[in-house]
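Listed after this line are the structures, all set down as structure tokens.
Each of the next two complexes has chain A plus one more chain, namely chain B in the first and chain C in the second.
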Partner chain A sequence: MADADEEAIRATSTEAPQIETDLSDETQDFRLLNHLNFLSDTSSSSLPRRGEKDFEPNPTEFQADVLAASRGAMHNALGHPRIHHPKTQVIGIYAPDGPAPPPELKVDEKGTGVSPEYCVYVPVPKGQYFKTMGRADRWNRVWLLPEEAMYLIERGTLDIKWPSELTGIDENDVNEPAIPMSIQAAYACLLGRSGLTLERYTVFTGLKRLGYAVTRAPGWDDNAQVNESKNESNKKAYTQPQQRGPGLAGIIGRCFSWLDDPFGTSSTAAGPVVGCGIHRNYAAVYRKLAIIPWYDPAAAETRDPLDTDVPFRVVFHVYKPSTPIKKSAWPAPEFRIAVVNTREQTSIPTLAQVGALLESTPLDPPRGEKMDRLMYMRLRHGYRNVVLAVVDQGVTSFLRISDAAFGKEKLYEAKGVPTGPKRHGNFRPKKR
Partner chain B sequence: MDTTSPQPKAGPRGKRGARPGRPNYRHIHRHPLPVNVLSVPPVIPHNPLSIISVALSYLTFLISPPRQEVYSAYFDSATSSIHVTDERAIKALWEMGFFGKGTLSRSEPSWLEREKKRRGLLGGSTSEEATRKRRTERRELKLERARVEKLAIEERLKAEAAAKESGDVLPAAEGHTIPGEKFSVKKAMEARYRQSRSQTTPNGDASTPADSPATPNGKSVRFSPVVQEKEVVSSSAASLHLPDSVLDEEEADEAPLENEEHLQVSNEEAFFLVYSLGVLQVYDREENKPIPTSSLFPLLCNHSYFPPRTASAELKPDDPFTMSYVVYHHFRSLGWVVRSGVKFGTDYLLYNRGPVFSHAEFAVIIIPSYSHSYWSETEERREYTTSQQARSWWWLHCVNRVQAQVKKSLVLCYVEVPPPSASSDDIGALLGRYRVREFLLRRWIPNRSRD
Partner chain C sequence: MDSLPTLPIPISFISGRYLLFSIDAVTYLRREHNICGVLIGTLPQIPQQNVFLGLPLELMPEEARVLVDRGVACIVDEAKAHDGMKSLLEEDRRQYLRELESQGLHATRILSDRKGQQRDQALKKLDEKAKAKAKAKAKATKAADDNASASSSAQQDEPASVVDLFADDGSNPASSSKPLTSSTPDAQLAMGITPATSYPPLPHPSSSSQLLSKPEVPLSYPLFAHLHSRGYFLSPGLRFGCQYVAYPGDPLRFHSHFLVVSAEWDQNIDLMDIVNGGRLGTGVKKGFLLGGPEKSREEVNSEAERVESVRAFSIEWAGM
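The block that comes next holds the complex of A and B.
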């Protein structure tokens, strides 16, 4: 039903981007299906609204009628004949051994230029789906990945046939058509191929149905390892408690700190950290308090996508429906998705796992006029981000994780506490 | 989703600022921390006189250093908690940095004020009263909604029975449901608020919008058994106050009102005030002696377990107190007002400036991390760290959903635990071995992210 809700979602999304009210939590009034004219008239653009919920059964016939009408509407909608026009029918052929040159060409060359992960080819590609899916070889056939083929089969767009090598039927023989593959057989053949788990397929197909373009990321292969892990190198990204450097600046600094605290009462060993002396302003007090090292995501080096801990590894690159896609040169992804099966990975990631995952994504610092103005927004956006798709027995929850870097946002400075020369410069209106 | 979901930042409450009786929080809470700050005249390079004035001010500080007030609190080992009983200290700690919680109040110690108002000694209303009133109103409206719905069903039943008798056919259920729009508690709240405002403003008496009772609306209608039962429960809760308030009024003449409330500061807050700011002195309750900072730290560490560990026990690097203190100190040092997040199922809430100014924007959860090679050296340690780090996905989803509902952003704060150290004498060095990394977690809704 996701498609029917889109209009309502779009209408609300512009008003309140942060408020996360999930419309799928609401009830559905299936009687609205009867008013839908998409069954008969595909050009209509209006979509139905949600109904109201009865919280408990009551003895009125009215409620019983509503229920019966809803059921009827649902059966009606489901029972509507779905016609596949032979003109738009797309035929794919299963290639269990991966990409190979066409059999009728008795060529010696082995290479088709297509990665061995592809396992279904479409000799005559047509329709919009091949804009973002598949890969063409030298003979103008389009090869599909197992999840792409599966998605198209489930959609009813693609008919898949057993290959002639297995059935012994010549596929070019017009009189004897190739044997079609059942959807069960397609599941059996395609899922589990080249690292395609059911969880990954669920995520892929869910996003595809919403209109996203989805591709496999370099971290797709669980067994791929990087030669040398640089687990240790990013320890440098942690700030160290401030220490006064040598040289003139250090001397002046020491001098000032002596003036602040002439009797040496400030001690981090036994406290008080800020000392008992004179504080010129609260910002100085806060600066003295900074003794806990924190992680600076901007200082961390980006690591190899394979230098991560499975399953916390980006497996899908996702693009919004509006993004122009060129299959030969994919743009930088808008979202990076790691897929987690909760029945295998039962606990949430450790710091090492989630840290490595985020460090494998490129730096994406908060930029723009709005971000500069709103500190909360900067914090929420973070410096690197990734989406975790947590699949629990078929139910997917997407979680966006970002490196927040609270340490880079000194609240005491942002507040407009007078801090030296910037007394009038840095004042900005308080967020209400 | 009900229409009555809490809307912390909107709704009738948002207009509270217009009420004239509101105290000047900006002035009351002008000090973010309870330490003295003396501004020094600025140095202007081209004006040599300014240097003299700066030097003079430093000189006066040197000759007669301003005294930093040190407040006192006592540690109660039976409850592992720290209490402040001195009136002045309570006021100072609350006003400058929002430390602690009144033992008889929601947060700000306001029991005495509430009690006075209840006995009619003071005018106005406290925040607790406002909340209670709002909750009562909401409950009433919910009952009203239940009643309206019940009535509609009864009417429908009657109509159906009549139709059966006469053999008519009722309008089909195909169209739309019960006539009129559904009873919305939120809308009713707003209507009631508007009504109370229009009632009070013409009289020029805007200070008592709380006193205008808009409650008696049609109590004579017969409720269904279910609704009636609910009504009994709610009214009995309300009437609980009646008898003792009568009693108190009689007593009020005899005994002068004493403040029975004190401030409880959390162990992290207390240690921050002692160790970081040096403005608090914690006394042992039994011996009535001040506890030095060096022994306060192990004491609080041992008391972060239940039952408390003995003083001779070796300090663990990942005991609950150290972990939460590291996070507390980290966010405090960045200028956040950190308060307990227990009511939203998190470890901390981060307020900008303080709870009286705005709602908390971030809710923090502390998760330990054991990346150091020490922790993976033996099988036993590996097992221990795995169990310490394990949190289920369902737990995470629960917490995340709650935060989304109350419009807070969830912060996962991982604390890197160092291997055990030989000594804990240098607290600063000890704390400096911990490392903090924050992640923001948010639900990502594909439906909404497509643009």
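The block that comes next holds the complex of A and C.
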């Protein structure tokens, strides 16, 4: 019996199609990395398919050898050193006290014009990474946010040095070389600065690795409150979403229905919902049946991004790699991301929390020829949307939440919509 | 490779999270103590992907607690430890920098050697090609046409096969076209190195003032410790809609067997949650494991007692 079960599992696991599996979902066999030739250009090397796995451990030496090889490959891959070619080395310097004018300038400059969140500066910025990261001061140094500096040092692109005052080197001794920061030191010094949690950093670096441009959103600071003196009226509790009845079309429709039925026999108090009059088409009947109010997301008020519940607050603005970026004037973001830590937030958000989060994003109605044509795509896209990055101890899942308007899609008026019982009705968009 | 790091292994406590930066510690804990953690760092050799990740390794508080209870690890307040950079002795600092430089020189030498080998190989290939071409040419009657194509193809081949080591990095756009001028590197050309850990230059056994107490663990800890003590490897389970995913062996080689959800003994469990878990687990060919300690935190003096009282149940969707 047990054998039969095992065989069945083996059979299905080997025959199972491997196409739909997300590679990053599973622990990967690092032996596959050995086949990647790092020394050739990466354009030709594609990611390997996932390796075969066994059902359970058995005491064979073969299995032990394979496992040892996997672990050895993993050890080698993780132990790869981060080296900087002297000609292309980009050096950053850690500034624990935030932006400050260059030390050699002994003038009483009032500031650098850079926000105090920045804490690593690059005196000679070169390379493509500063196109979407960092902020230049007036001495042409680029200041980096802690997450940007950590990302760059981790990928082996930036060599961050300890500042001389923190390592006990005499500041006037120019010949004394600075000590490079280790990855561990970068984490110890930069993580936790200005609201940077490990979860936020994990989301940031995961998106950066895929090529997205990522910036902090206005809601970054958890303690920030809506500026009450400026707009006290804006601060409000989340109210039940505005509901709509049949709307303008309904009112006009009522006029017509009065023509149809001047004696008010259709009053629901005295008869059936659709009334006892003569019905000339189905649309009129359906309109009369629509007695349940519906929610119109387009009519919801936009709220201040800070007027939301932490952690359901947008902390990152994300741009596709193809978007042209100008650091002085960031375009409107393509995605807005809120970061949730599963150990601190153990339940799914309440309607009020999600409602406030969605209202803090701008209206993004479905547009375009395709959207006009395809109703389900329209519903799925919604009128407002936001991405939740849920981080469980280093494992990130992304969820897109959109504000769909089912009330706006009148199936009885639409043409070309699939009819018939449950023919194409197997769509499941995430709805609130 | 089977190196034994000095025990207890220091686990860095940074901004409320438990991290490991030492490669030896990571492989040792995986090999000897069934602790995998989650790799969250970028691999410098292939930085533009999320499938293979590198150091640091994030540990769940439960994992850190198990290791501390076994006496193989201790928790170090890393921010405090790095204040020690200020009080480094000048001698230690100098020696550390010298070491880094010699490592950098070593790296330079290896790279230039490898480049030399690649160049030799490429030249050999070209040579063989030329010979083959020459043979072909001798056979062929149209000598002039052949010659032209041979020279052009050789030119095309050359830049593709003589590849600079740093071309893959993407961060060094200038270097790919500039080969090293001399094969014997001088001191100026030592590679800069970003080490993974800060020990050295910081002194290794951390002083007791930097050590922290045992990690705080969630209510699900007893079940975690119970399964871990039975040889299971456990990972965070959000991807499968549970608290932990239990693997019968190293996840490098084995698929997971159980979706683990913990509950307190007297806790009411929604029947729907059991049905959901059972269906979900069966759907991904895993068992749904529900368990917890019989004793509540009020009844016992230590978590260890709770761990001993754990009972676990697995639920399978029978589909009757």
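One rule holds in what follows: the second predicted complex is superposed on the first by the 272 of 432 C-alpha atoms of A that agree within 3 Å, B and C clash if a C-alpha of one lies under 4 Å from a C-alpha of the other, contacts with A are read in each partner's own complex, and residues count from 1 in each chain.
Just so we're on the same page, a contact is a pair of C-beta atoms (placed from the backbone, for glycine too) under 8 Å apart; a residue touches a chain by one contact, two chains touch by 3 or more.
Nothing here was measured: the structure is a model prediction, and the numbers come from that model.
Using the contact criterion defined above for the overlaid structures, shared-chain residue A:L374 touches neither chain B nor chain C, since it reaches no partner. Applying the stated contact rule after C-alpha superposition, one finds that A:A136 touches neither chain B nor chain C.
In the superposed model, A:V354 lies in contact with chain B only, and not with chain C.
By the touch criterion stated above, A:A100 is placed in contact with neither chain B nor chain C. In the superposition on chain A, A:P86 makes contact with chain C only, not with chain B.
In the overlay built on the shared chain, the residue A:A224 is in contact with neither chain B nor chain C.
When both complexes are overlaid on chain A, the residue A:P57 reaches chain C alone and has no touch with chain B. Within the superposed three-chain model, A:G206 lies in touch with chain B and with chain C [touch as defined at top]. Looking at the shared chain after the overlay, A:I183 reaches chain C, while chain B stays out of its contact range. Residue overlap on chain A between its contacts with chain B in one complex and with chain C in the other: 9, 13, 23, 25-26, 66, 206, 210-211, 342, 390, 392, 397. For chain B in complex with chain A, the residues that touch the partner chain are 1, 31-33, 35-40, 58, 61-62, 65-66, 68, 153, 156-157, 160, 170, 172-174, 177, 182, 274-279, 292-294, 326, 329-336, 352-353, 358, 361-362, 367, 369-371, 389-397, 400, 404, 407, 409, 411-412, 414, 416, 425-429, 431-432, 434-451. Residues of chain C touching chain A in their complex: 1, 12, 14-17, 19, 21, 23, 26-27, 30-31, 36-52, 54-56, 58, 60-61, 78-79, 81-82, 85-88, 90, 93, 96-97, 100, 103-104, 107, 114, 118, 163, 165-175, 178, 188-199, 201, 218, 235-239, 248-255, 257, 285.
If you check the complex, the residues on chain A that touch chain C are 9, 12-13, 23-30, 33, 36, 38-42, 47, 53-57, 63, 66-67, 70-72, 74-75, 77-91, 127-129, 151, 153-157, 159-160, 162, 166-169, 177, 179-185, 187-189, 191-192, 196-198, 202, 205-206, 209-211, 342-343, 390, 392-395, 397. Looking at the complex, you find that chain A touches chain B at residues 2, 5-6, 9, 13, 17-23, 25-26, 31, 34, 51-52, 58-62, 65-66, 68-69, 206-207, 210-212, 238, 241, 259, 262, 265, 267-282, 285-286, 289-295, 320-322, 335, 340, 342, 346-348, 350-352, 354-355, 358, 376, 379-380, 382, 387, 390, 392, 397-407, 409-415, 417, 431-432.
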